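Look at the two complexes coming up: chain A is in both, with chain B in one and chain C in the other.
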Partner chain A sequence: MYRSQTLALKYFSAAITLFGVMTITGLISAYYYLNPDFLLGILPFNIAKILHINTLVMWLLMGFMGSIYWFLPAELGRETAGIWAAEILFYVFCAAVAVVAVVFIFIQYGGSNEAALWFINQGRKYVEAPRWAALGIVVIMVVFAYNVIGTAIAARKTTGIITVLMIDLIPLILLYLIAFPAISNMSADLFWWWWLVHLWVEATWEVLIGCIMALALMQLLGTSRRIVETWLYIEVALVLGTGILGLGHHYFWIGTPNYWLTIGGFFSALEPLPLLGMVVHAVYDAGAQHMKTTNRPAFYWMMAEAFGNFIGAGVWGFMITLPQINLYAHGTQWTVSHGHFAFWGAYSCGVISVLYLVLQKTRNLAFVDGPLWKWSFAALNLGLVGMTGALLVSGFVQAFVERAIGGSTLNAFISGQENAWFVDGMVARFLLALVFTAGYVVLVWDVLTLGRRAPAVAAVAPAQ
Partner chain B sequence: MSGLATLETGLLLGLYALLAGIWGVLWGLAQFRQTQICGRSAAAAYGLHVLAALTIILWTPLGFGWKSLIVGSSLVFLAIPPMTWRLLQHTHQKEGSEHDRQPSQYSSRIVARL
Partner chain C sequence: MVVDDPAFWRAGAISTIAVMSVVLIMLTIDSLAAISPGGSHVPPYTVINQHIDYKFDSNRGFDVPVISGAEPLFGKSLDEATAAALIDRGKMVIQSRACIDCHTFFGNGAYYAPDLTKAWLDPDWEGWQAVTGTDTREAAMVKFLMDPEQYRTWTRAMPNLGVSEEEAQSLVAYLKWMAAVDTNGFPPNFNQIEKRQ
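Right, the complex of A and B next:
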């Protein structure tokens, strides 16, 4: 095994651990809606939510990096360049995440001064880490990009997928820099912040997961390189063609010019189209292989990725992306419902799929199957889809009662929050979150014991 | 737009996109199982998708431009499954006996020498 692949395993362990932290902090955040006094004076809602969504971003990034560190050396036929730096930075990364979490939990707030930006919180949603840690993340990502590009240079060759990946990493890293500047004008601040959030999840991350799924598809189903590459180029063109200007769907109400209403609505309404292509591709692969594969969990999670991306991002996003609807849906639980479904479908499922592929190789398993992954697959997906359904109900109430009828006054906000349907939605979300959490526990159990359980679920492959 | 119209339109838009997805899946299934039932249910899914589109066009207070967009993307949704399929079949056919099918480490199809 290459050192790069050993490092990949470490990244996956860290990612799955942070996935757990994300789940716990999600449960805590959700519980405030049932009992607002919960942890009163100890841990406020906003800190729990910060932990929830920042660990989300971190575990996905770690999962992506792990996937690339896994595939890269095999793809280019040599050890990853500068792997020693990446190995050191992995520990720096973990330590930084831990310190930042401790500061969020115990210090929570700073004054409105530079010191707070440096040591407590930089303040932009999803990328709230204080400046020292954010600088660390930049270094880690730059070294990561160097690992990829340097390996291609050292190997004196590049493949189609790796070329797309190298080009994609540049804007991906540059966009992260938006986490840094302190902008006091709210409109300007949001204008740039959306570049980071939207052009990550609807452009650069989509390309990145496209590369990862292409690499995974070759390993999982033995699909030929030319097929996955042709496909990747088309997808990238379509996703970027619709996704970049789709950015405008966040420029409806933040003080940006009116033309964004048209541009944002138009381009983002086209975003589901390429996602349907991916679903059709998934059906094709499933049918062509007669569902036969040596790694069923990886296969099913990959299918879940294609479907989840279409439904979570495409369908759930499409509901709220026209300005007329967004006027009322904006920032309600309706958005939260979409956010959960889309992040889950497009990214989390893909990372879990690669994790199973990696485990098959490292544990040397001819077949990966068994009851545990099915239970976790079912519980995680049912829990998550159920949660998004419950959030949708609560979101409808907010859009209707608080916004449309009530005109967004404070009173209207309160009547929205007290509405029986809203409250029921919040209760249902919490119960379904417990199902999701159970699925997470089973996932961890399966991942830890796969191929080590007695009686062995999977036959051991002959030594290669 | 009134409150109720917002909810109705939002739901219809979701249904519209979801049915397009179901159409795509069923159309794909129909290619593998050449049974009538598969082909018909795919057609039915697209029919329902068109119905959702018509409801949006005739019933909701969206403006003319947005309604045209709905019509246009319905047409694209119609074309995506067969177009994707043809592309996939085309690339898979050409694959033949090429060494290409090997795991990536043995056949880095190199696009550039650095």
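Right, the complex of A and C next:
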């Protein structure tokens, strides 16, 4: 095994650990809606939620990096360039995440000065981590980009997928620099912040996971490189062709000119198209291979990624993307419903799929199957899609009661939050989150014991 | 066939990205001008010296901020530099306490607490004035922000965030300025103080 692949395994372990922290802090945040005095004064809602969404971003980034460190040497036929630096930075990364988490939990806030932003909390959604840690992330990502580009140079070769990946990493890293400034003017602050958030999840990350899924597809189903690369280019053209100006769907109400209502509405409404294309691609390839695979969990999680990306990001996003609807849906639990479904479908499922591919190789398994992954697959997906449904109910109520009728005052907000349907939605979300959590536990169990429970694996193997 | 050829799609991807990026950059330049303080959509920071209202505009078909007459904050009219310093301070308080991870600003943030876009105009401040024993809206806001747990109105309380009096004043200035930003009618039908009278 290449050293790069050993590092990949470490990244996956860290990612799955942070996935657990994300789940627990999500449960705490959700429980606040049922019992608002819960931990008040110890770990307030905002801190729990900061931990939830920051660990989300971190575990997905680690999952992506793990995937690339895994595929890269095989794809280019040599050890990853500068792997020693990446190996050291892995521990730096983990230590930094731990320190930031401890500071969030125990210190929480600083005063209104630059030092607080450097060392405690930047208070900008998704990128709350203090600046010193953000700087560390920049260094880690630059070295990661160097690993990829340097390997291609050293190998004197590249492939279509790796070229797309190398080019994609440049804007991805540059956009992260938006995590640093503290612009006083909220309109300008949010304007740039959306470049980071939207152009990450709906542009550069979408391309990155496209590259990862392309590599995975070749390994999993043996799809030909020509087909995979053609699809990748089509996807890049359509995702960026709609997604770059689709950014405008966040510029309806933040003080920006009204031409964004037309531009943002139009282009973002087209964003689901490439996501639908990917479903067609995945289903077509699966059909072409008669769904024959030696790794059923990887296969199912990949299908979940294709469908989840289309439904969660495409369909759920489309629901709220036209300005006429967004005026009411904006900033409600409806947004949360979409956010969960989209992140889960587009990114988490993809990372889990690659994880199973990796395990098949490292544990030397001819076939990967068994009962455990099915239970975790079912519980995680039912839990998450169920949560999404519950949030949609609460979101409808909030859009209607608070935004449309009440006019978004404190009183209107309270009547929305106290509406019986809203409350039921919040209770249901919490219960379904427990199902999700059970799925996570089984996932970890399966991942830890896969291949070490030899009889279970052998028993199903002959079916292939 | 050309559609089977990866090179065809690669060229397509490169040209689409180029065109879209150029358009985005042009629109960004235009938008940044409109949203700079004193631009067409965002008022200068000295707007905190004036009276702010949010009224239906029949030409545009939605509510827009209406700025009129003098109404200095805390009774003091501020020059440009002092107003800007106050707003800078307010933003630092907002970031250091991570208000946006409970509240939304222009509808962006977290959904655990009310949207603050037009909080300056919220009719509830009348009630808080009575509860805090203050005679102006801004004074009531300062009291509330310094000790929100004591003045909680319902089961979900805002925690005490160690906000000093000076910090609270800068927050009030920030909220007043924000209420004067033209948000294309968000939030719709906001039931502000003036409308009730």
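Here, the second predicted complex is superposed on the first by the 455 of 464 C-alpha atoms of A that agree within 3 Å, B and C clash if a C-alpha of one lies under 4 Å from a C-alpha of the other, contacts with A are read in each partner's own complex, and residues count from 1 in each chain.
Methods note: a residue touches a chain if its C-beta (ideal position, glycine included) is under 8 Å from a C-beta of that chain, and two chains touch if they have at least 3 such contacts.
Only a predicted model underlies this, so the values are computations on that prediction, with no experimental measurement involved.
> Looking at A:123, would you say it contacts chain B, chain C, both, or neither? Reply first, second, both or neither.
Touch partner of A:123: chain C, not chain B.
> With the two complexes superposed on chain A, say which partner A:429 touches: chain B (first), chain C (second), both, or neither.
It touches nothing on chain B or chain C.
> With the two complexes superposed on chain A, say which partner A:408 touches: chain B (first), chain C (second), both, or neither.
The second partner, chain C, only.
> In this superposition, which partner touches a larger number of chain A residues, chain B or chain C?
Result: the larger residue contact count on chain A belongs to C.
> Touch test for A:44: chain B only (first), chain C only (second), both, or neither?
second
> What is the contact status of A:249 with respect to chain B (first) and chain C (second): first, second, both, or neither?
After superposition on chain A, A:249 lies in contact with neither partner.
> Return first, second, both or neither, reflecting whether A:160 touches chain B, chain C, both chains, or no partner chain.
A:160 sits against chain B and chain C alike.
> Classify the contacts of A:36 with the two partner chains as first (chain B alone), second (chain C alone), both, or neither.
Touch partner of A:36: chain C, not chain B.
> Where does A:276 make contact in the superposed view: on chain B (first), on chain C (second), on both, or on neither?
first
> Applying the document's definition of touch, where does A:198 land relative to chain B and chain C: first, second, both, or neither?
neither
> Can you give me the overlap between the chain B contact set and the chain C contact set on chain A?
Of chain A, residues 160, 226, 229-230, 234, 327-328, 403-405 contact chain B in one complex and chain C in the other.
> For chain A, which residues are in contact with chain C within the complex?
Going by the criterion above, the answer is residues 32-33, 36-37, 40-41, 44-47, 49-50, 109-113, 116-117, 120-125, 128, 160, 182-191, 193, 226, 229-230, 233-234, 236-237, 240-241, 244-245, 247-248, 250-261, 263, 327-328, 330-333, 335-336, 398, 403-414, 417-418.
> If you look only at chain B, which of its residues touch chain A in the complex?
The touching residues are 1-4, 6-7, 9-11, 13-14, 16-18, 20-21, 24-25, 27-29, 31-32, 61-62, 65-66, 69, 73, 76-77, 80-81, 84-85, 87-88, 91-92, 94-95, 98, 100-101, 103-105, 107-114.
> Taking the complex as given, what residues does chain C use to touch chain A?
Per the touch definition, chain C meets chain A at residues 4-6, 9-10, 12-13, 16-17, 20-21, 23-24, 27-28, 30-32, 34-37, 40-42, 84, 87-102, 104-115, 117-119, 122-124, 153-157, 159-162, 167, 170, 178, 181-192.
> Please name which positions on chain A make contact with chain B in the complex.
Touch residues, chain A against chain B: 71, 74-77, 152-153, 155-160, 163, 215, 218-219, 222, 224-227, 229-231, 234, 262, 265-266, 269-270, 272-273, 276-277, 279-281, 283-284, 287-288, 307, 310-311, 314-316, 318-320, 322, 324-325, 327-329, 334, 396, 399-400, 403-405.
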